[in-house]
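Got some structures for you, see below.
What follows is subunit A paired twice: with subunit B in the first complex and subunit C in the second.
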Partner chain A sequence: MSLTDLESYELLHAPSLAALVALVADRHASGLHTVLLAGGTDWLVEQESRPPLPSGVEHPVVLDVSRMPELRALEVVSGEGGDRLRVGAAVTYLELRRSAVVGERAPLLARMAADVGALQIQARGTIGGNLATASPAADGVAALAALDADVLVESVRGRRTIPFSALQTGYKTSTRAPDEVLVAVEIALPSRGAPFVWRKVAARRAQAISKVALAGVAEVEDGRVTRFGVGMASVAPVTARLPTVRALALSRPIAEIDAASVDRAVEADVSPIDDVRSTRDYRLHCAKALVRAWLRQLGARG
Partner chain B sequence: MKVTLTVNGSHRELDVPPLMRLIDALRGPLGLTGTKEGCAEGECGACTVLLDGDPVCSCLVPVGQCAGRSVTTVEGLGSIDHLAPLQRMFVDHGGAQCGICTPGMLVAAEALLRRTPKPTEAEIREGLAGNLCRCTGYQRIVESVKAAAELRGDRGEGAA
Partner chain C sequence: MQPSVGVSVPRVDGAAKVAGTALYVDDLPPLPGELHGVTVRSRVARGRLRGVTFDPAIDWSDVTIVRAEDVTPNVVALIVDDQPVLAADVIRHAYEPVVLLACADRAKLARAAAAVTLEVDPLPPILDPEAALSADAVVEGRSNLQKRYLITKGAADVGDEASLAAIEAALAGCEVVVRGRYTTTHQEQLYLEPQGLIARWDDHGVHVVGSIQCPYYVHKALTKGFDLPADRVHVTQAVTGGGFGGKEEYPSVLALHAALLARKSGRPVRMIYDRKEDLEATTKRHPAICDVATGCDRDGTLRVLAMRVVMDGGAYVTLTPVVLSRGALHAAGAYRWRDARIEALAAATNTPPNGAFRGFGAPQTIWAIERHLDAVARELGRDPLDLRRQNLLTIGDTTATGQKLAFSVAGLECLDKARADSGYDEKRRRGPVATGRVARGIGAATFLHGAGFTGSGERNLKGKAAVDLVAGGRLLIRTGSTDIGQGTETVFRQIVADAAGLPIGAVDYAPVCTTHVPDSGPTVASRTIMIVGSIVESAARKVAARVAAERDRAGGTFAEAGDRLIAAGEVTELVQYVSPDYVKWDDATYKGDAYPVFAWSCFIAEVDVDLDTFETTVVGFWSATDVGRAVNPVLCVGQIEGGALQALGWALTEEIVWKDGLIQNPRLTNYIIPTALDAPHMTTALIEEPFPFGPGGGAKGIGELPMDGGAPAVAAAIEHATGLSLGALPLSPERLLAASRRNAL
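Our next item is the complex of A and B:
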């Protein structure tokens, strides 16, 4: 346990996002470690389990971003391409669950948020924290993948948007530069009442990390899928976007899609492993079953 | 670092390291030992307190993030001489066994009943899903919360 040296750390608050990114950039340029702390549900657990810092090692500076106004947006932004939902990086799962606009316009996010940890974790954990921790088991990130979210990051070089499809590069690695601060995610809102799916397979309902989780959203017109997004947790080194499944769903009238072709597509898209929570075989079985059920929900055969 | 916060309705000022865990600030300088530590990693819910009305694991909250906020611990629900309805129902219905999970259960149940004064059994179970009882007395805990909801309803104590 290293709670003792934790108590020697400083906790700073930046007066603005501009000041925050400047401080992060300065420290990064000097090779110094900076922690952006939101809900702390991962970081504090890691601190407890690591060995104490050796003497002489400089302690990281911890910046509390949990209440920074620029990271707290939760609003619908209307634009030419249609309505978009902006969720600030420091918005918690509990806030997503309780938000009327999320429940009405992006029910997948509300449904997913209800399955993260338990209330105590939902009250603290944030979307930005889930993205920054970058675990392939992250429920929140699977939902963002399904919604093809844009990730907004800011640094001293300005603000840029990273499409979800270009974000993850490998196990806990991404195209976000070390000095870029996660500001928000934005999603193109599905049409009202659009079908969605959230399925989490875990040891129990609460406080369990997913063995497999599937998030999906779709729009169907005249028997054809016109929008289709999926994200799957815990079946690959990154959150799986299932490109072959996506292509299959959009390729022909939904009623012409059969279970065997779905299974082949899933197999092409996932690479699950054996670990403490599950096995490769069980994960593959679940991944196929969940995607088949989701496509049946949209009108596919068997 | 000076941290000013409200604890069980009282204004408190602490001079503590900002990354001290809230549970350590409560049990140490604040002298409130009702909150128990179980797993120390946010899994068991024994250390649950309310932060601005919502349940959190006080083992995963740095006290520096509580500045200007309101914390409610089990001591804030009632006292030994004046048990809150929730506490009395835990006694009457056998909701407490060894006692380690009890403060967290009570606080999580308080959060539930404030927002959902007449919960269904499923809502009670979800509201307490982040709290483990290793005596495994869950059924009696659920019954205690159900009885407390009825008692609070009769007295007009409901949503805060």
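Our next item is the complex of A and C:
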């Protein structure tokens, strides 16, 4: 509808992360909006469907961050608490798919990335963009929820870490301040070979937004779950972290967990809706079926 | 000379399309002074238009505005003159055009369109076609019953009024009676290139160029719309990125809109729809509700068919009567019936007019009859394909309209071929195979599709085509038949080359412009190769005969003899289609030869159904189709596989989501068609049972046929895998889940 006025936008590149956060802060202080453009896979779609901008108003400034080196890290950082994977905000899904270290140490991310959009979207879309647009249907965010990622943000006030559990506050809202720039996510790497699950339910095999998607990672010792993370897309106003399911999984030997208690836990944790893609009923059914299958994979009954 | 027919020569338009150099309408360079045009639509499904306000914050001085009062006569000329070019005071669907705007600056045009406010008093919309039949009028002064057909045979052939009781009596006399209801939904054509067109006026009249399937339909609409003599309307087809019926009637509306803006502004006007507008406003496949009752013997011999079809025509009649007719004529499927009563109705509703889409009514009724036969097989404890084989029409049988089949009938061969290729019998015997939580099943559909216009249509249409002799021993085909991606340009060249004994490289295809090519009839109804191809073949033979006579007289090569003829005057042959004598049809009783010939087919699908999520994956697809003669086997297979994939989309995922008459999913991201990743491997066999009157040694029309069998084959496979029998499309996971709960009760 309104790609016609796109050419009047100003597209800028910041020379450094420090310059970027300064510019964003400056403009924010003056009440001006700044678009940080990574892959553009969400933003361009929004531009197409919004009403045309009135003439005479100042058009948004668009800052291309897709090639900013400070946002492009993809590395394992060793520390006292064990190895951590750092994924820069401008790392694309295709890079996640192709990265040897991700494939070996965080295969959930690689597997998820292969299901995002299709190859063209994977080549442009970024993990930071997925977090910034904050759709509850985001596949990447469900995986980050399962991995209990820390989100690193930077502003003129400095850098801080937001644990995933403290990030989302409601539909497309978060605790990240408007002038804070997403820099990276960090993940405490699960043990090598730890079981994981990625299951996306969508209307077709590519180019489809999830009706429901489940990400999960676990560590199991002597029949007990010692680490358990899940994230689910498209079943709540935010990415669902399924706290009741988490508590259930950690509460007793895995073999003692039965299907009925899993179903009850899932029902307590999700609140899906009817929309253009699916129904509340179907989503609830899938949410239960997927979590049951995941816990069976770990050794639960039924 | 190597023959061209039967050889998969490369498409002549292929290289330019692959290289991206083909010029579609929006690729054409801007004309001097050109404006962009846009349409302001109602956004209310039904109401009274009180007024239109134009926000004074916009400087309107460089914006051309066209409203209903600028349009005389305010009607789109088609079968029934009920559709206004622009709504004047009554709103009858949510995408009704009300105001047209044009401006040189596209960004300003978008702002201007947003600054037009329509003041509409909304009325409760009529959205259910069955309820519409007894509701107040959608179009004042007209019945909501847009059209009704009745086909009767045998015991039901006792006049309209007595026929219903007669068919019920015949059913009551049968050993096994099965009843069912089968429904289908809207389907969007989703051609790659959205609709678009450029209009301009000059001393010669009005010129339009655009993405057009039927240039002479647009020609007629402009001639009537502007009261112009035929020679002052010039319609040119640009390279067209698909149509599937969607560019059959709608470009007439777009042409009127663009020409109105161009006339008022005195400038060329370009109107290109984006995907959303195209999906919302242009025609879609008619939804249908089919109530079926059949009676048969305990041994499976089908005897009696009663079907009542209600199609949703949308707000205006457009091509609905013709779509409904084809639906009714395919309702009996590919089977013998002693007694039949088929009643077909179309109802007006407050939704955008539905129109032509590949299959043209037949996929809806074939969905019903094929699903129903699966129910009959279940009732009898028979294999569904065995039951079909027992009852398939063959030479000497008569159809529901009393058409006696005399030649080119290969339904049985198609069934046997697809059955063998797919391993159907072994897979059915094994029963559904479950691997973990995934169940695999296989199912089939057999069907026919009438090629060419219905009944006396071709005789009335009098399609024409010409072949010219050109200097240097070349031939030029002049026809109104358009290549919209299906390969007409290539296949016509093959037919002409063989008819004249020339290499295909010596044959050219004239750009399709109504000023320079004759009216060959529309590019629809699986008629292009079979009907127009035969005229083109005949014209080429006549030209070649003249050259041959000249060579006999004075010698020389084809080119030398041809050039001597041209030096003496223009050499061209214009041929008009002559319907074969045997084709007899009575429009009053709907009896006789509904089509000159039918193409026959069997589709078999194998699916995996996830028993946790009810997602269906088509893992195998086999078909065998009697095409008469494959002029270009690769293109022929391409038509069948492309159509089958389109049918799989209709079967599994495609659904327009409506709310109060407005479309909730007008985007590629949420109107879900299959992608390449969703396409199964297809094994496609061609059976050649020649049609004696077909070109190239017996070609039949197969453009629409592959749309018919995909959905029932998939539904049968899902039923085999899961035991869930669905009668409503699409076969979505949500519907399967609901069905599994009903089954569990």
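The working rule: the second predicted complex is superposed on the first by the 302 of 302 C-alpha atoms of A that agree within 3 Å, B and C clash if a C-alpha of one lies under 4 Å from a C-alpha of the other, contacts with A are read in each partner's own complex, and residues count from 1 in each chain.
Heads up, the rule we're going with is that contacts are C-beta pairs under 8 Å (C-beta built on N, C-alpha and C of every residue); 3 or more make two chains touch, one makes a residue touch a chain.
Model, not experiment: these values are computed from the prediction.
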Practice prompt. With the two complexes superposed on chain A, say which partner A:11 touches: subunit B (first), subunit C (second), both, or neither.
Written response: first
Worksheet item: After lining up the shared chain so the two structures overlap, which partner does A:19 touch, if you call subunit B first and subunit C second: first, second, both or neither?
Response: neither
Worksheet item: When the two structures are overlaid on chain A, which partner does A:278 contact: first (subunit B), second (subunit C), both, or neither?
Response: second
Worksheet entry | subunit B versus subunit C as contact partner of A:207, first or second or both or neither | both
Item to complete: Scan A:293 for contacts with subunit B and subunit C and give back first, second, both or neither.
Response: second
Item to complete: Have a look at where A:118 lands relative to subunit B and subunit C in the superposition and call it first, second, both or neither.
Response: both
Discussion item. Output check: A:54 vs subunit B and subunit C. Expected answer is one of first, second, both, neither. What do you get?
Written reply: second
Discussion item. Applying the document's definition of touch, where does A:40 land relative to subunit B and subunit C: first, second, both, or neither?
Written reply: first
Worksheet item: Both subunit B and subunit C touch subunit A; at which residues?
Response: 8, 45, 48-49, 118, 205-207
Fill in: Residues of subunit A defined as touching subunit C within the complex
1-2, 4-5, 8, 45, 48-49, 51-55, 118, 201, 203-209, 211, 276-279, 281-282, 285-286, 289-290, 293
Item to complete: Show which residues of subunit C lie in contact with subunit A when the two form their complex.
Response: 57, 106-111, 114, 274, 276, 437, 612-613, 615, 653, 657, 664-665, 668-670, 672, 674-675, 677-678, 733-734, 737-738
Fill in: Contact set on subunit A toward subunit B in their complex
3, 6-11, 37, 39-41, 44-45, 48-49, 62, 64, 66, 94, 117-121, 123-124, 205-207
Discussion item. Could you list, by residue number, the parts of subunit B that touch subunit A in their complex?
Written reply: 1, 17-21, 24, 40-43, 45, 48, 51, 54-57, 59-62, 64-65, 108, 111, 126-127, 129-131
